[in-house]
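Chain lettering (A, B, C and D) follows the sequence in which the chains are written, and residue indices restart at 1 in each chain.
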Amino acid sequence: MSAMLRLLFFVVSLSPTLLLVTWDGSLSWALIDGIRLHLTLTPLAGFFLTLLALAAPLVALPMLRRPCDWPSLVLYVLLLLGMQLLLLAGDFVSFFVGWEVMTWSSYLLLLRSSRADMETSQSFILFNLASAFLLLAGILVFFSLTGDFAIRSLAEPSLPQALTLLALFGLAFLIKVGTLPLHIWIPSSYDQAPDAFSAFLSGSVSKMGVYGLILLPTLFPDALASFAGRFLNGPAFGYLLAWVGVITSVVATFKAISQEDMKRLLAYSSIAQVGYITTAVGVGSSLAIAGALYLALVHTLVKVLLFISVAGIVLQTGQRQFKDLGRLIERMPISFFGVLIGIIGLAGMPPLPGFAAKYLVFVSLVDARWLLLLAAMILASTAAFIYCYKLIYAPFLGHANSPGAKEAREAPWPYLVPQVILMGLLVLFGLFPGLAIDVLIDPVLVGLQMAPIGAESWAKLTTVYGGYDGVVLMLVFGIAFVLVTGLFLLLRGRMRRAGSPYDLSFAGEVPTADTPLHYGAGMGRELRRIPLVGWILRQGTRGFYLGLAGQMRAAAALLGNLYVGRPQAWILIAVVVLAASLAARAMMGGL
Amino acid sequence: MMHAVVDSLAMIGVSYVMGFLFYGFYRQLNARIQRRWGPSIWQNFFDNMKFFFKSETLSHGPMFFFGPMIIMAGAFTTVLFVPFLKDSTWLQGFSQYGNLILIIYLLVVGPLGNALAVGSSGNPFGVMGVTRGLTRLMGLEVPFFLGLALVMLQHETSSVHAIMAAQDGLANWGIVTNPVAFVVILLPFIAAQNASPFDVVGAPVEVYAGPRVEFGGRLLGVLMTQNMMMSIAKLVLVVDLFLGGASNVLVLIAKAFSLFLLTTAISMVFPRLKTEQAVDFFWKVPLGIGVLAVILTVWLPSWSA
Amino acid sequence: MTLPLTPVWFVALPLLLAFASPLWVRYRLLMPLLVGTPALLLLLAFVLLPEVRTGPLLETIVIAPPLGIHLQLDSASWILVALISLAGLLATAFIWLSDAEPYLRDRRAFVFLLLLIAGCNGMVLTGDLFNLYVFLEIAGVSAYALSALRRDASALEAGLKYLIIGSVAAVFFLFSVVLIYLQTGQLNMAAVAARFGGIPAPMQLLIGLLMLVGLGIKAELFPFNFWVPDVYQGSHPVLAGLFSGLLVKAFLFVLFHLVFLLLADPQVAGLWLMGLGATTMLIAEVVALRQEDMRRMLAYSSLGQIGLITLALGFGMQATTAGGLFHMVNHTLVKLLLFLTAAVLLRSFVSARLADLAGAGRARPLAAALFVLGALAVMGLPPLSGFASKLWILKGFAEAGVFWPVALILLAALIEAGYYFRWIKVLYDPNGDLKAAAPVERMAYVPMGVAAGLIILLGVAPFLVDDLFIEGAQTLLDRGAALSAVLGAGS
Amino acid sequence: MYHKTQCEGFQCEQAMLEVPGDAETVREGVLDKLIAWMRQRSLFVLAYGTGCGAIEMRPLMTSRFDAERFGIIGAATPRQADVLVISGYLALKTLRRVIRSYEQMQEPKYVIGLGSCTINGGMYWDSYNTVKQVDRYIPIDIYVNGCMPRPEALIEGFVALQQRIKQGGKAGYHQYRENIDWYKANQRKALGEEMPPAYTYDWYHAGGVA
């Protein structure tokens, strides 16, 4: 019975894939009063559906591990259905329905974690609902302009209309992707969510905000450029958005470096990555949108991979703080490779597709002549190396710092299979950077009526600014590596393996297990001494939102005083209101 | 195929020879400035060979062993993706398959691979050095990349070949047509070469040789080799971008040498900066110049147009 | 012999059965009849439905002209009657199936519950102002008695408070009826409506205000709703659910029925009511943020929803009105579900306080799940029914290009989420270690399940019922047709 | 220039242990000669200031005497160093560190004993705490005597070392490897409880192949 249910669940988790393969034509479902839900699959939605199809079954695997939490599985299925509805939406109502189902089912999934606390869950749901309600408000404004709920471009909105719509939709999507002042809900919820589900939150759910952000400019194709004009070689309005994205990336990157918990680090890194995507959307050119989509693809693969690896580590060691881990490379080698490939992708290092994505975005920034943005983005993406290194050093290298880390074994196969598949995909896309362009991204660009990037072969990434060949790069590197290793081994001499992990060059001393040798927890702490970084790390929005919540509660207390328990007061108020209304009317000369 | 193999070997050879000779010269010059004789110009070669033929090498496990291999492969790849000559079929490597941004990233691949080896040795001083290195990288990349972006914007391409081809004649050299960009990248370039005053990463007395603390014997030889080759790759890259490239090896050596002389002259006379001082410096001075350059060369023309 | 199927049965059947209660006690038929009556009424409503959709059913029992009992079953009041029967059915079924406290299962409770249903049905159906007052008192008195049934200090206090404020409300209403009678000499609503325009403006205002205060107290509008939390907290949760789901809806319907019928131009009054509704909604939602008792929290949430319905109905457009009526139905279902959940939790864990319920989700998973479902529905999250009705209302506002209610409704929903999700979080608190104090009949979940099923069904396929609400809204808003139907038939 | 040609005093104990240098012919090809030449041209010195002789290392390395012209420069860690200079007396405390550093150096490695203290305790000959004969604990390739020897003497010592390296043949580290039990016994006698853990040296027995 249980096995059958598991199998059923897994099949449902494949539903985005099945949908992608079998979907043709469209579907519609009446709601009320002439509102109909239309389901169609646009190329853009198809792209994000592909991402969902990649992530959903891979995240489902670890969730299926015994003993499994059945409510979680049900909620996960709901979440998947909601996201598919959102992506298939041909009208705003179904978009909103999908959005909301996604929101509350992911919230309830978050509650399944034993670590979720009140502040986290409240901030998660309130920010997401605020996003949803802003979206709904935008949809209603849009409806009042067009008279129906279809997702289509607005013919000629006036400036205030366009600004209102932009503000409502933009805020809704920016909350979802978590750009800067609106990101506060992300780190703690990604951290406290059930370990496997964090992968899905970061890898797939955040992509829905990106989908919205890319969809947004298509609603008013000309209006954006016409009312704000152009700045250098790109839309001026996008310049603002791009700065929002870049500042998000920079701040989130430094915050990520200062984290002491694996999942929190990944959460901040997720914010930073989505910040890049926001920047690319802000640039808005064909190159940039291709870059944004590519980044979304890579980010999905990488974050699912990393979160699942981390989930495996947490499962096997019971530790999640950097200071408590170490030297797992010998005990969990496959997870090590998972994280290694993951951080190479995350850092945007050349052989893997992260580089292709970043290359497109960089080139699009140069093309738009927005060089200061480029510089800031470089700052974020080089600072990212530090947290990437921290992420692999602290758990896997150095010295084991807790009993859990000393006795851990390799993660069970439901955690390893997704990792291996994702590593394979990352290497594949890295070898063939043109593959993703040709198969996944160009159809979307054509669908958005933009110039496709084009790929002369799958191995090549080509832009007007030049490109590179992934296969040649990988071959050169691989051959060089084999050659160097071979030559090295040909040299005469003994290789001697150190007798103990503590056989270190340590100023003539012999360190012992008690010597604090692991540098995991403190890594990046010295960055605070750089004035700018120190300033950034001292800032935070938590105080503001806590203050807001406090004010709200104070208002509730104040208003609650109205509800006294004395009937004479109730009657008095009723009479006074009556008298006051009459008196007011009399004063105004009515009587 | 044969051509590619021979060409690649030639590039690796040229960069290695240039590498140890330049560094030998550096040590000579340094000695003369300090009023001593200094070692022979071949000294770096001797040091390197000595390490390669050490009879014993300690390893801390497979990752520790593969780190130097990765960094060496990264150095080879970098060298092979930087075109050494223009208007020539030789010393091109695989540069037509790459571009400027790729090269900038390739420069970092190897050191990051080595950082894994440092981490797996478990020596905290090594990791401390790596962190300092990454922090410095974070500081220097911003102005460095901004300067290169100015060049990319000027030529509207990220292909090093195209940028080189556009600089025919002294008047069209990047350093003449885009001097601000050269100024912007100069100091970060010195830091990228791990030269004084930005050499706190491997400072012997401060972090116990930093990332290299556990490396000895042949592995250290590998690290030395890649360092020399990588330096040459960076020098050649700047020569390609700002000094019009070179049409034969002699011109290449001459140009690279003069650039090397310039950076050496700067780095000889300044004392070492702390990591955070260096980063702060990069974000204030070279980046400040860079921002000014962007405003002057990109914003103003677009507004006046 | 066939009994004539007329609207009279909606009032008469519960009244008759209630007064014959000693008989049922003797034959042990109390519980089956308690559940059977609303079930029969619901059946009757559906039997009458096709007829109602063709035109309103009028029923006049003349006592002495102009006094008489006018009952009018049109598309709008049909919705309410069916809703009252359904809510009654669910609540009574819960009382029966859950093996509830004895005081809810004895004869007095039986009488008062049936009287409550009769009174509500009468209020909704009547076409006569004095009858309206009578039914209002019947419903009110049974409600006071019900809330005091438990006979402990808190219940008695709740009953007493309810009695005091309810009587005051009745007095206000009675004043206005008297004034109307003095001015027009009529008590039939349609006849009054035809002459209402002839009353001098200040008197119109006075009548309107008196009526507003009287019905406002009953319908829980803002400056008059301070009694609600105390009474809801003191009463048994099932009864609170009935008050919130059934009684208040009837009063609200009466209020708007009168507004749309009496006033030729309901715009001014509508604006006032919208203002009141918006204030009620916002203040109640904000206050609910700090409530630590589930019943009190649900009471404030109920006030918030009443405010929303008032806001929607007060706008007087067809779409918002239909949406408002739909929301009434949804809110009744949802609140009933939530109060029944509260009853289950209260019974299991003795307390309904936030601090005492931490981790209740593991001890009572089904109840907690139903609470979550209800909470999602009440906040208007798809695919549950609250979403459909809210969307309808919002769409109506958007169509008319009026956006301030949209903003307020969404803001209120956000605040509402603030406290509902706090409760949900606490119910699923991983650190809470609760052991259920008392067992709960499994069958008790049946009525809750039915309500939940309806919530989901109406959320996924609201198109099944939207015609009814559109017709209801049209009937409610079409003053001319209503007048001609009554007066034309009467003359 | 003083070269140790025959044993005197306590050194005879060690000489008895030694296998005659030419008993085992070392394979000497062209490559070996080339390598040996490169080795002697590049000596990385572990600048380990054990005693007052360390003060003599500074002028040696800096402009006045400029050891770099012989290819002699300082190394920061023992992993990178070729030559360990024991600069003066060794206390028992420092002996442990010296042994540890020596074992961490990678072969080929050489030791220069600087000053009389390394030979016989020098002016500390009757101190309770000073190691009298350093080469009972680690093999010394070259002694530079004096108290303290001037940098010129030190340079001479280095040059002598370079010549020995160029000639090839067995050096101190061979001796240490072959007589490890004797050295360890001496070390254990001196250090007692403070002996470094076994993993730091037991690879000498295992043949040390990783």
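As a convention for this text, contacts are C-beta pairs under 8 Å (C-beta built on N, C-alpha and C of every residue); 3 or more make two chains touch, one makes a residue touch a chain.
Small disclaimer: the values here were computed from a predicted structure and weren't measured.
Two chain pairs, A-B and A-C, are compared here, and A-B has more C-beta pairs in contact (counted per touch definition above).
Each chain gets a centre from the mean of its Cα atoms; for chain A and chain B, those two points are 35 Å apart. Taking the mean of the C-alpha atoms as each chain's centre, chain A and chain C sit 44 Å apart. Rounded to whole angstrom, the centroid-to-centroid distance between chain C and chain D, based on C-alpha atoms, equals 99 Å. Chain D has its Cα centroid 59 Å from the Cα centroid of chain A. Along chain D, residues 77-79, 104, 208, 210 each make contact with two or more other chains. Residue positions of chain C in touch with at least two other chains are not found. Chain contacts: chain A has residues 494-497, 502-503, 505, 507 touching two or more partner chains. Which chains touch which is summed up as A-B, A-C, A-D, B-D.
The residues of chain C lying in touch with chain A in their complex are 160-161, 164-165, 168, 172, 201-202, 205-206, 209-210, 213, 216-217, 223-224, 226-227, 229-230, 283, 286-290, 319, 322-323, 326, 372, 376, 379, 381-383, 387-388, 391-392, 394-395, 397-399, 401, 403, 406-407, 410-411, 413-415, 417-418, 421-422, 424-426, 428, 430, 462-463, 466, 470. Within the complex formed with chain A, the chain D residues making contact are 48, 77-79, 96-98, 100-101, 104, 196-197, 199-200, 202-203, 208-210. The part of chain A that touches chain D in the complex is made up of residues 494-497, 499-500, 502-503, 505, 507-510. In the complex of the two chains, the chain B residues touching chain A come out as 52-61, 63, 65-66, 69-70, 72-74, 76-77, 80-81, 94, 97-102, 105-106, 108-109, 112, 115-116, 119-124, 127-128, 130-131, 134-135, 137-139, 141-143, 145-146, 149-150, 152-153, 156-159, 162, 208, 213-214, 217-218, 222, 275-276, 279-280, 283, 287, 290-291, 294, 298-299, 302. Within the complex formed with chain B, the chain A residues making contact are 232-233, 327, 329-330, 340, 347-351, 355, 359, 362-363, 365-366, 369, 371-372, 374-376, 378-379, 382-383, 385-386, 389, 392-393, 396-399, 464-469, 472-473, 476-478, 480-481, 483-485, 488, 491-498, 501-507, 516-519, 523-524, 526-527, 529-532.
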